[in-house]
Amino acid sequence: MLFAVRMNVDIPRDFDPEVRADLVAREKAYCQELQRSGEWVHIWRCVGQYANISVFDVAGNEAMHRILWSLPLFPYMTVEVTPLAQHPSDLAAG
Amino acid sequence: MLFAVRMNVDIPRDFDPEVRADLVAREKAYCQELQRSGEWVHIWRCVGQYANISVFDVAGNEAMHRILWSLPLFPYMTVEVTPLAQHPSDLAAG
Amino acid sequence: MLFAVRMNVDIPRDFDPEVRADLVAREKAYCQELQRSGEWVHIWRCVGQYANISVFDVAGNEAMHRILWSLPLFPYMTVEVTPLAQHPSDLAAG
Amino acid sequence: MLFAVRMNVDIPRDFDPEVRADLVAREKAYCQELQRSGEWVHIWRCVGQYANISVFDVAGNEAMHRILWSLPLFPYMTVEVTPLAQHPSDLAAG
Amino acid sequence: MLFAVRMNVDIPRDFDPEVRADLVAREKAYCQELQRSGEWVHIWRCVGQYANISVFDVAGNEAMHRILWSLPLFPYMTVEVTPLAQHPSDLAAG
Amino acid sequence: MLFAVRMNVDIPRDFDPEVRADLVAREKAYCQELQRSGEWVHIWRCVGQYANISVFDVAGNEAMHRILWSLPLFPYMTVEVTPLAQHPSDLAAG
Amino acid sequence: MLFAVRMNVDIPRDFDPEVRADLVAREKAYCQELQRSGEWVHIWRCVGQYANISVFDVAGNEAMHRILWSLPLFPYMTVEVTPLAQHPSDLAAG
Amino acid sequence: MLFAVRMNVDIPRDFDPEVRADLVAREKAYCQELQRSGEWVHIWRCVGQYANISVFDVAGNEAMHRILWSLPLFPYMTVEVTPLAQHPSDLAAG
Amino acid sequence: MLFAVRMNVDIPRDFDPEVRADLVAREKAYCQELQRSGEWVHIWRCVGQYANISVFDVAGNEAMHRILWSLPLFPYMTVEVTPLAQHPSDLAAG
Amino acid sequence: MLFAVRMNVDIPRDFDPEVRADLVAREKAYCQELQRSGEWVHIWRCVGQYANISVFDVAGNEAMHRILWSLPLFPYMTVEVTPLAQHPSDLAAG
């Protein structure tokens, strides 16, 4: 089941640089682990923004929530979730 | 070069059904032609909306505009364009 | 899988009363059929609005979209879809 | 009398973890007590959000206000209240 | 039980003047009948707007909805409903 | 001359409890004094909000501003002012 | 008593040109009559907009409403009313 | 004196094609005439939108308004005007 | 050349009272100096708001920016600038 | 490839003046270096705002992102990016 997710990141500007670097590193590791498992299908940077547009392929709403809630950067994010369905014009729809 | 595009469709409700069917058919043909050419990379239906989220891979801004402007449904759409770049957490970023 | 859906209805005011009555009757029949099948779990009227808040329990995003897209009043609605997960404070969460 | 309530939670990120844990625990206890009394009828997590959609069944506006105002997390919430009435398509409407 | 309601009226400008006059007259009669019954407690014109702010005292959500839904001008209104409770600073709160 | 005023209160959450209690007490005293003088005609709590909807009857714009500006909680409020006139459907309009 | 008023005009584009010209002429006459009576103190065109920002000096809310409600273009306007008071930095404040 | 202007065009979709073509041709001629006179300094198409971002260099507010008001497409546009000044980082600022 | 400017002031609430008083005094002096020079033509307090609506008569965009940028309270303000032109209904337009 | 970018700057008001001066100086140097390289084609100050509207001519989305992300003031900015294409009315379009 597919979801488009836009994440806007807003890490406090007076954060300790080490804490921040650690946080960002853990976010990256977490993200890549989910890419390898096939759940985090796409991630793109929005040009000029500390933000990404991602596509997830997960078992359902519960899985989607668990993944987002566990993002190391979750407390510093604004998240928008759009459930997706197959589009009738998609070639893959046959 | 990648762009995320959200298209919200609003065909007037009192449209002649035949004109409407023709319009929708031409939209689908146009969309699938661009999928085959590799420019319209993804298209998903937003659940519960007459809308889609798409990803395009095109030569640049001029190409992106030409493609959207030529959509048979363009006069009935609200379009949002987000230029994308590679995300540093993307596995493909190596 | 649960979804909260808010539907705001806006039937054109100059609609033929018979067409309108038929449309509303078909909407009601469709809604009650889905209540009987267990997919449309709740429907409440928003006080002072031609709108409802509903809860659906469906197989997934594809099912959710199909149900909403097929609403007789769909062309006259603005629809907001919120995917739901179990809340940790819900008694049913054990 | 029914109300739909959406609560968005925003606990300051630099909160003492113990104070925070205590706060969240008290919120949960309070919520479950009201579920048991039959006033807090539903609570669902919004996927990807520190937010819930709830339905309350209370004696009236005064009771609804007292319950929300007393939420341990109230000072950290944005709350939206929608009064509900029975929907004419609801099977229970007979 | 009290509710504050703001009603913004937007009667189509090309309406037949007689139909319009009749509609406005029926609205006024309905409004005054509810003032006499004690349910429509206050009605004020918003300066420079085709809009009013009203206060209702009704049995509950069902009654509030029925009253608003039956307004002759309801199909031409945007309605905002705010449930009210007694304010602790109100002298009447003792 | 009548004005509807909505006040949303947002006292900083890390305020000294005593300072806060004193502030709230002074707000209440000020509010009740103006109720007694007949200028603060109505005050209602908005259900589920740290907010009120009030109606004032004052000599004019200058008086209205002076009253609001002097509210002990003014620096912690967002205030919306709507000038009111008599509604032609008001029974009191004769 | 002073009010700032912003009026955005939106005359239907398919209006009969003669009806439109007459409407605009009556608006201008009405406006100039109120300038001469000293109630419509200022009127400025907003650059690039079919809109104006005006300042009125009137007896009170009732007068302000009557003037705006009687504008020949009122049914084609969106109106924003801001009650004004003397500013403490105004030289005229002495 | 410089102004940035964003123009969003919304020509009614049921317009007579000839009237529309004539309108668009007159808009283009008008635009190019002002480019030649040096007043319409830049015009860019916004990708995926029936919209442009333009920069004007004119004598002042009166001139800016006259130019925009006279656009053949003005009745079908939403216009946003931003007055500009020299930026201290501009190399041309010396 | 005329501009309407709305300034919303938001001085941090934990400011040192002396620093604040000095800031406000310098703002007032600056404002009155520009009133005397004829550039700050009008200043009105918005009722119930820490805000003003002002009208400036300046040489052009550069002058307008310099004046606003130099306001002692500028770092604590949100500013909205509307360039103005003579209105055809203005009696002064002859 | 062209992009219009609006940057709104919001440097914390309690910043150390030296740190701030250094930041602003580095921003200016960076901006001028990109003007010299031909990538930062235009920069204008928005009147009355700590904001600019800029136009960039870059190789593509990746370059555009890299430039914005590296702005010394980037962590203190809200950035809006609009991809541009040649306008058919542009004289340069031949």
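Lettered A, B, C, D, E, F, G, H, I and J in written order, each chain numbered from 1.
As a convention for this text, a contact is a pair of C-beta atoms (placed from the backbone, for glycine too) under 8 Å apart; a residue touches a chain by one contact, two chains touch by 3 or more.
This one's a predicted model, so the numbers in the text were calculated from it and none came from an experiment.
Peer 1: Among all the other chains, which ones are in touch with both chain D and chain H?
Peer 2: none
Peer 1: What are the mutual neighbours of chain C and chain H in this structure?
Peer 2: Touching chain C as well as chain H, we find B.
Peer 1: Give the rotation angle, in degrees and rounded to the nearest 5, that superposes the C-alpha atoms of chain C onto those of its identical copy chain G.
Peer 2: In short, 145 degrees.
Peer 1: Averaging only over C-alpha atoms, locate the centres of chain A and chain H and give their separation in whole Å.
Peer 2: Inter-chain centre distance comes to 39 Å.
Peer 1: From the mean C-alpha coordinate of chain B to that of chain I, what's the distance rounded to whole Å?
Peer 2: Distance between chain centres, rounded to whole Å: 45 Å.
Peer 1: Check each residue of chain B and list the ones that touch at least two other chains.
Peer 2: If we look for residues of chain B contacting two or more partner chains, we find 2, 45, 47, 61, 64-65, 81, 83-86.
Peer 1: Between which chains is there touch?
Peer 2: Those chain pairs satisfying the definition are A-B, A-C, A-D, A-J, B-C, B-H, B-J, C-D, C-E, D-E, D-F, E-F, E-G, F-G, F-I, G-H, G-I, H-I, H-J, I-J.
Peer 1: So in the complex, the part of chain I that touches chain F is made up of which residues?
Peer 2: That would be residues 13, 45, 47-49 of chain I.
Peer 1: Note which residues of chain G are touching chain I in the complex, please.
Peer 2: For this pair, the touching residues of chain G are 2, 4, 27-28, 31-32, 35-36, 42-47, 52-53, 55, 82-91.
Peer 1: Name, in rising order, each residue of chain D that touches chain F in their complex.
Peer 2: Going by the criterion above, the answer is residues 5, 12, 61, 64-65, 68-69, 75-76, 79-81.
Peer 1: Mind listing the chain I positions that touch chain H in their complex?
Peer 2: These residues of chain I touch chain H: 1-3, 60-62, 64-66, 81, 83-86.
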